[in-house]
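Here's a structure for you.
Should a chain be cited, it is by its letter among A, B, C and D, assigned in written order, with residues numbered from 1 in that chain.
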C-alpha cells in the first residue's frame, strides 16, 4: 500500500503535473523560418535587427511583412489567411515570444552579438531553420515563458561564469 | 466524553475537570483567534498594517523574537546540563523545558514569517545564502534547532497513555530516547550559534554606532554576551514557569531542591555575564563609539532613554538578581527565588529591547531627529497571538503529557 | 580617497570604474527637481494617501537644515541624500541574508535586487544614511499614468526594499549605445543619473572617481569636500562641499548638538 | 479483505513520501516566488523604440525648452534642452513631470452647462446672446492668464469688435511691462518679495547667473529665496516701500538705518544692480541705480500687449466673463471675480482643463486641452530682453471634445480659422519681418530667420522644437518700466492681532509624483500648513503640529501649525494667502 501510494504520486508528479502547469499558446500565424531563409534567402538580422541606440527590435512589426506580402506571393492558404487577417486590416500580429524574458531582466543583443559575436543559435537553437513554430509554453503560476529555447538565469550564469563576464545582479537585471 | 478525556491523562495524576479546563482554554483561544486575524491582515494587505516605517524598519516583532528565543534557551541549556554534564536532578524539568523551548522557537519563526515582506520567498535564504550575514546564520540554526526540538518533543508526546498502546510508536519512542544525548549535543551546538548570531545581528551594524561592537574574528562581543545571557535566562524562565504552573494548577510538580538549583545555575551564569557586559560597555564607551565619531554620552541624551536604562540593565536587572540567587539562604525562600528569577527574565527582555528598539530610535545622521514608534493593533495582536499559542500548547501538554515526572510521586 | 594625483589619467579597459558624486551644497536651492526626476526615471510610485515622510519612497531626498539661529539670523541649507554607495564593508550588502545586495566591483555601485529581496529590512536597519526604502504598499499609479513608466526600469512589488542605484537603467542604455558602436568603454559624460541631469543649479557633479582627470575626482580631493559620517569607515562615494562653515558643521560632525537642526 | 483505514493512512503516507521526489513541491515553491514578481497590480511599462521629441513648456511664462524621451509614441520622461537661451537646459520640478498632468483628477472632459453635458454650439449661442444683451454700462471681459501670445491677439481682435470690452490679465502677468532683465550682466539684485530663487523667470537662467549675483531679499516671509539670499531683510508686510525709500536715501548719500545703509553699500559695490518689486519707491530706486535701459538692468523689447489688471476693473461691471485657465499656474480667485460681476444674471464661461477653481461656479465649462495634449504656443519667455516665440507641439494623443480657448473665441467671432492657422500666421509674420534668429532644440544651433528659405520651413523647424528670439532693441534711457502696485500695509486690530502672509504654495494641479516634495519628505510645506514662530504660537496657546483655526476679515479656515523659529514673530505664514490681519486659535 505504501509503495502503491509512492508510485501513484511519482507518476502524477512527473507525467501529469507539467501538463497542468504549462499553458500551450499556439502562434497566430504558421510562420516558417525555413521557407523565408531558403526561398527569400533572408538572414536573421534582415528581420530581427538592432537599432542605432543598441536596443533590439525583436520580432519585426507588420510593415516588415507587408514589404513583401502586400499581395500573396505564393499559393498557400495560410499566407492568404495571414494577409486577410493582418496585412489588409493592418493589424499587428500578436506573436508569442518563446524567449520573452521577465520585466526585470535586462539583455542587450548589441553586447552579445556585436561585441561578443555570439551566434544566434547559441541561445535560440535551430529556431532559424524551423519549418513550423510550436506553441509557446507559459507557466500558469508565474506567467513566465517555459518554452524550449527560453534561457533561464542558470543558463545565463553558466555562460557568464565560463567567459568571466559580468556577475553582478544589475548587470543583467533592471 | 469526560472518560475519554481522562483516558488521555498520565496515570496517577489528577487534572482539573474538563469544564474548568475549557474555561481556562477559551479566553486564550479567543486571544489567539484575534491575533491570527491581525496577522492575516498583515499578510494579505501588506506591512502597511503595522506602524513600522523606513526609519523603524524593525519593531515589536523582532523584539519579541529576540526575547522569546533568549527565554527559550532553557531547553538547550537544561538538556546540556542533563545529558552532557549529567546533572540528573534536572530530569524533573527537562520535559517542560523542551516544550517551552519548542513553543518559543516555533512562535518566533511564525512571527518572522509575518514580519518579512515577501513570505513566499522565505526559501531564498536557503537557496542563495549570504554566508557573511548574521541573519543567514540565525535562519539556518533556528530552522535546524526547531527540528531538533520537534524530535525531542515527539517522545514526550508518544509517552502519552493512549499512544503508548500502539506498539510501533513505543519502539520508535524508545529508539528516540537513546538519541537524546546526541540531540542535546546537537541542540547545544546550534543554540550556541544562533543565540550568538542573534546578538551579532545588531553587533555587526557598523552603521549604528550605538549597537556596533568590536569582537573576535567575525563575531562582535554581543555574540558572546547573548550566548551567556540566554544561558542565564533560560533556567530562570523554567524556574518561573514551573512555579507559575504549580501555583495555577495547585500541585507540587518538582521536589523542593529543584527550583533553587535552577536559580543557582542562573545566578552562576549571570554574574560573569554582568561582569563581561560591564567591561564591554566600558570598551564601547571609551573606544568603539568615539572611534566612529560618536561620543557615547550623546546616545543617552534623548528622553526617555537616559543613562538610567544602562544602569537598570546592569545593576537592577543583573547584579541584584545574581547576588540574590547566589546566596543559599535567599535561594531557599521561594519568594526571593521567584523575585530574582523574574528580574533576570525582565533584564533579558530589557537588554533585547535596548538593542532592537533604542538602536533604531537614535539618530545617526547629524541633522536627523530622535524617532519614536508605537506598534499598531495588528502588530500587538500578532504579538499576543504568539503568547496565547504558547499558553495553549503548554496547557494541553501539561494536561495530557508527563511534563514533570516527579509530580506523580509528590501527589500521592 | 583612493585616487591620488600620481595615478595615470589614461583609463585602461581593465581598470574598473568607481562612480561617485560631488554635491555642492552652496548651489542647491532645494527645489526638489532631483527628487521628482529620480522618481520618474526609476518608476517610483506616487504616495498613497496614508503615506508620510517616513513611509514614502524617495531614492533621492533633499533634507532642509538650518543653522539653528532664531529669527532673523536664521540660515537654511539643503542636503540631497541618496544611497552613498559605500565602498568598504558596505553595511547593507554585508547583512542581506540572500545576496539581494552587493557592491558591483565593475562600477562600485551598490546593487539592490528587489526580485531577490525577502523584505526582512535588515539592510535598512544597517544603513546609517536612511537611504533605503521599503514598499509598504503595492505600487499604484493613477489610471493612464502607468503608460508613462520608464521601460528601462522594472516596477517593484509590495514588501521589498529599494534604493538609488545611480540610475542603472541609464548605465544599461549607455552601454548598449556604446556596444552598437562596437565600444566596451564608456566616454565620460555618456552615462549620467537623472538627478544630475535635472538639477537646474548644476549642483551635482557625477563621474568616475577612479579617473583622476575627471572633474568629480578633482572636486572630491578638494579641501571644501567632505563625506557624511566618514568616520564610520564605509568609504561612501558621495562627496559634499560647501564654503559655509556652519553647513559643514551641521552636516559632517556627529555631535548631538547639531542633531536638533 | 477490504480497504481499511490503516491502508488509507499507509497509502497517503506513501504518496506524500513519493511526492517529495517529483517536481511538484519544488516547482510550486519556485513558481509562487516568481509569481510575486508580477502578481496583479504591478504595471507593465510601455514597449517600443525609444525616440527623442522636442516641445516647449507652457506651464508658466518661462517658456523652457523640453526634450521628451518617448517609448513608442508615449513620453516617459522630460528634461531640459541644453543651451536653450531662456532655460539653459533646466526644468523645474513641476516641468519635469508635465507629461503626467493629462492624467490628473478634476479634468473637464466635455462641455458642461451648470454641470450638465451640453453641445458646444449651445454654449456659443448663449455667449453670443448674452453679449448682445449687454447693457450700456455692462462690459464683456476676457481673462487672459498670458497676454502676449498669438491667442491674446485673437482675443483682442474679438473684443475690439464689441462696444465695451476689456482684455484682463493677472496683476503680475507682465511684471515690468515691455522690459526684460539683462540678468547675465547684473551683479546685484534688491528684491522686494520677488521669489528670485524659487520660480522667478526660469530656474535654469537664474541659477546659471547666481554665482555672480549678490541677492538682498526684502520680505516678511522666511521664503526659500529669503533663506538662501546673501542678505535677508525681514520687513513687516507693507513696510517694503519705506525700506525702499530708506535705501534710496542711502544711495544718494543721505542717512538711513543700518540695514538700508548696508543694502545700499552692497548695491553700490556690485553694479550694475537692479531692484525688483512693486511700488513707486522701487521704480525710483531703479532710476537712481540707473538700471533702466542699461546693460545689466532692465532692457526694452519689441513686444508688449497692454492688458488690464482684472483687479482694476470696476466692481459689478462685467456682464459676460470668459476665463481662460492654463494647465499650470495659480488659478484666478473666485472672490475677486464675484466682485467684478454684475449683480443680475452675469454669464461666466470657463475655458479650462480643470473642473475645480472658477469652473465650479461658471455657467459654462469649455474643456481645454492640458499641456502636451494639443499644439500650443509659448510667448516671449518671462524676463527675456528680446521678444520671443515658440511652438509647443503635442506629445500626447488628445482625447476628443477638447477645445483650445483661442479656438472657442475664434468660433465666437465667427472666424473660420483654427488656432493652428493663427499660429501659422504668427510664424509667417516672423518670417516676413525677418528679424532675429531661431534656436533649434535638436541640434542646439542658432539660425538667422533671414536665412530660412520660407515660412513653411520656419514652421517646420518650429514644430520640430525651436524658439525664435528677436534682435535686441538699441538700449535707450528715458524709459520707465511699468511697476506693480506696492503691497498694502496691514492694519492690526484687537480681534486680529497677527499678520497673515503667503508662503510658497503647491501648484493647484500637478503630477501625483509631486508628493515626493510635499508629503513624502519634509522638503516643502503642505498647502494647509500655518508656519509661526514658537513664541507667537505659544502666545496663542498652540503647540507644534496641532490643528488650528485661522480667522481673518475674509473668512476662517483650518490649518496644521508648524513651529519654525525662523519665521518673523507676530506673523502667520500660510500657502497662497493674500496678506491681511488675522488671528489663530487651537481647533
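Here, contacts are C-beta pairs under 8 Å (C-beta built on N, C-alpha and C of every residue); 3 or more make two chains touch, one makes a residue touch a chain.
As the structure is a prediction and not an experimental result, all values here were calculated from the model.
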* Go through C-D and A-D and name the pair with more C-beta contacts between its chains. => C-D
* To do: Specify the chain most distant from subunit D by Cα centroid.
  => B
* **Mean-CA-position distance for subunit D and subunit C (Å)** => 30
* How many angstrom between the C-alpha centroids of subunit D and subunit A? -> 49
* When the centre of a chain is set as the mean of its C-alpha atoms, what distance in Å lies between subunit A and subunit B? -> 54
* To do: Let me have the rounded angstrom distance from the C-alpha centre of subunit B over to the C-alpha centre of subunit C, please.
  => 40
* Structure fact -> In subunit B, the residues touching two or more other chains are 118, 121, 124
* **Of all residues in subunit C, the ones touching two or more other chains** => 52, 56, 63, 100, 115-116, 138, 153-155, 157, 159, 173
* Structure fact -> Multi-partner residues in subunit D (2 or more other chains touched) are 32, 35-38, 44-45, 50
* Chain-level touch network, classified as line, ring, star, complete or other -> other
* **Interchain contacts, given as pairs of chains that touch** => A-C, A-D, B-C, B-D, C-D
* **Footprint of subunit C on subunit D - complex, ascending** => 36-39, 41-48, 50, 71, 74-80, 88, 90-93, 96-97, 99-100, 102-105, 197-198, 203-204, 207-208, 210, 222, 224, 227-228, 232, 234, 511-517, 519-524, 533, 565-569
* To do: Report the residues of subunit A in contact with subunit C in the complex, numbered from low to high.
  => 50-55, 102-104, 106, 108, 110-111, 114-115, 166, 168-171, 173-174
* Provide the residue numbers of subunit D that touch subunit A in the complex, in ascending order. => 7, 10-19, 21-24, 27-28, 30-32, 34-35, 37-38, 44-45, 49-50
* Asked: How about subunit B: which of its residues touch subunit C in the complex?
  -> 46-48, 52-58, 115-118, 121-122, 124-125, 127-130, 132-136, 139, 201-202, 204-209, 291-295, 298, 301, 359-360, 363-371
* Structure fact -> Residue positions on subunit C within touch of subunit A in the complex are 100, 102, 104-107, 109, 111, 113-116, 152-155, 165, 168-169, 172-173, 175-180, 182, 184
